[in-house]
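Chain IDs A, B, C and D follow the sequence of writing; residue 1 opens each chain.
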């Protein structure tokens, strides 16, 4: 079972590494943020799997911290992508 | 090869990469990134010291760990100061470059200068 | 080769690849995103080294708070075109630099390979005196008890960095609030995220600080998570960044190092030496110091990210 | 009993990993940013959710189990809001963003 957990963690990391191709390629900054988001979630998943397999103590807290901060990079990106003077154009429509 | 040795090797490679980036890239923000990569490489080399100093029932030596924690916080403080300097430079000259003739305005001639 | 070894090698290659991307990426913004990913992967590496305390710090500061700082800066510098007017290094110096950096890396790699399997260790010493501190987590004991002076000075560094960032403001903005005044109303989605995340995060931050006495965690990690929660509230415009001249802000900034220093001096008077804690009474003193450290960290990190004041203070 | 837990774990974690693979494949292959965002959220929600589900019976204490669920809930929240925010940023800038 331990080997299975580790193999799955490795598979997720490999998947995430493939997702890095999107980070490399883009084409836009939004795609790069998405890749970062996928890697964040994959990192949390493989962290939990590795912790379950190796029995390191207190790893849930690390995953909890990562989960809390998972949105931060994207929020900073969105905040900086929307300049202050531009009114939120689609806040009015579509809702 | 143990995971500790592997981490040490990665750390060594990261120090090399970061040092190269610090010297060779012209953009200041990229230099800050490179400096941080180099720093985390040093921390990882410290990681082997911690892991191979595992004794007294502990999985790794607490003293290097504590020093790395201190180091991460100090590295963040230094990066924040550096970023503020770069942004201020950009605000003054509309450029983010370290070359003396790169700016459009003479240094100190910005709108915010008192 | 076991599965675990394969995983380690894969993780090592991934960390190296992302670091290389951070250095060689064509654009500054994508390099910065690469760095955020890199910070996250590093906390996985620290888990593999069984240094959970470091992994927590790396996750909170290295990846989360630094990510906001650098992505914000990269986005603001996007208009700054630097590549054109920089004299790009020609082939030979670049090769020379690469060669010398490889040499440095090889020397460090040799150290890593030649490091004795049972290295020198202070772990037995730190465990021997652990009961006297009343703590269960030796890393916290090293930070707050054995190397207390070091940690106190590090808090001073944090305050100095804040002072440094603030002093980059133009004279007329001195004492004002950091960040531009934004007219855009808060984005509802973002406000929702902050409203849900912040209370939970405060809970988690206090939890991580509190268990830090006995389990992985502590003042740095808990404080950094609290700091992140204040940052998300400011990013969502639920609250404005305070004026840098606000007395409570400055008091909160210096409270950590100040209380630490007072405890150290009190140790010299009551317990016999500088930064000695009275026997049998060490844990309450340590927790008292840590509480103020959490406060200072939670205030200092957002102020570092927010940057120098950019608004005029009210007269 | 432990065999049941193991089998359950293998099934749930395997399914979770499948969604990660699917999410990454979508991120790579889908033609525009909004479809890629759609693929990404599946990995966030179902991938991590199923892995947490598979790990739950193995957790050592009720608090650890609660933390696992909280981790999933937080990632769910972060994934949902960032998808919304990034999606809006993409729309604002047009398909080039």
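Here, contacts are C-beta pairs under 8 Å (C-beta built on N, C-alpha and C of every residue); 3 or more make two chains touch, one makes a residue touch a chain.
Note that this is a predicted model, so its numbers are computed, not measured.
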By number of C-beta contact pairs, the top two chains: B-C
Length of the line joining the C-alpha centres of chain B and chain C, rounded to whole Å: 12
Intercentroid distance (Cα basis), chain D paired with chain A, Å: 10
Chain B and chain D, separation of their C-alpha mean positions in angstrom: 32
Distance from chain B to chain A - Cα centre to Cα centre, in angstrom: 22
Residues of chain A engaged with two or more neighbouring chains: 16, 29, 33, 35, 56, 61, 64, 68, 71, 75, 77-78, 81-82, 86
Where chain B touches two or more other chains, by residue: 59
For chain C, residues contacting two or more additional chains: 4, 48, 50, 65, 76, 187, 190, 193, 197, 200
All touching chain pairs, where touch follows the definition stated at the start: A-C, A-D, B-C, C-D
Complex contact set, residues of chain C against chain A: 2-4, 6-7, 10-11, 14, 17-18, 21, 25, 29-30, 33-34, 36-37, 40-41, 43-44, 47-48, 50, 52, 55-56, 59-60, 63-65, 67-68, 71-72, 75-76, 180, 182-185, 187-188, 190, 193, 197, 200-201, 204, 207-208, 211, 215-217, 221, 225, 228-229, 231-232, 235-236
Of chain A, residues touching chain C in the complex: 3, 6-7, 9-10, 13-14, 16-17, 20, 23-24, 26, 29, 32-33, 35-36, 39-40, 43, 46-47, 50-51, 53-54, 56-59, 61-62, 64-66, 68-69, 71-73, 75-82, 84-88, 91
Contact set on chain C toward chain B in their complex: 4-5, 8-9, 12, 15-16, 19-20, 22-24, 28, 31-32, 35, 38-39, 42, 45-46, 48-51, 53-54, 57-58, 61-62, 65-66, 69-70, 73-74, 76-77, 79-80, 82-83, 85-89, 94, 97-98, 101-102, 104-109, 111-113, 115-124, 126-128, 138-139, 141-143, 146-147, 150-151, 154, 157-158, 160-161, 164-165, 168, 170-172, 218, 220, 297, 300-301, 304-305, 307-308
Interface residues, chain A side, partner chain D - complex: 1, 4-5, 8, 11-12, 15-16, 18-19, 21-22, 27-31, 33-35, 37-38, 41-42, 44-45, 48-49, 52, 60-61, 63-64, 67-68, 70-71, 74-75, 77-78, 81-82, 86, 89-90
Chain D - residues contacting chain C, complex: 70, 74, 77-78, 81, 84-85, 88
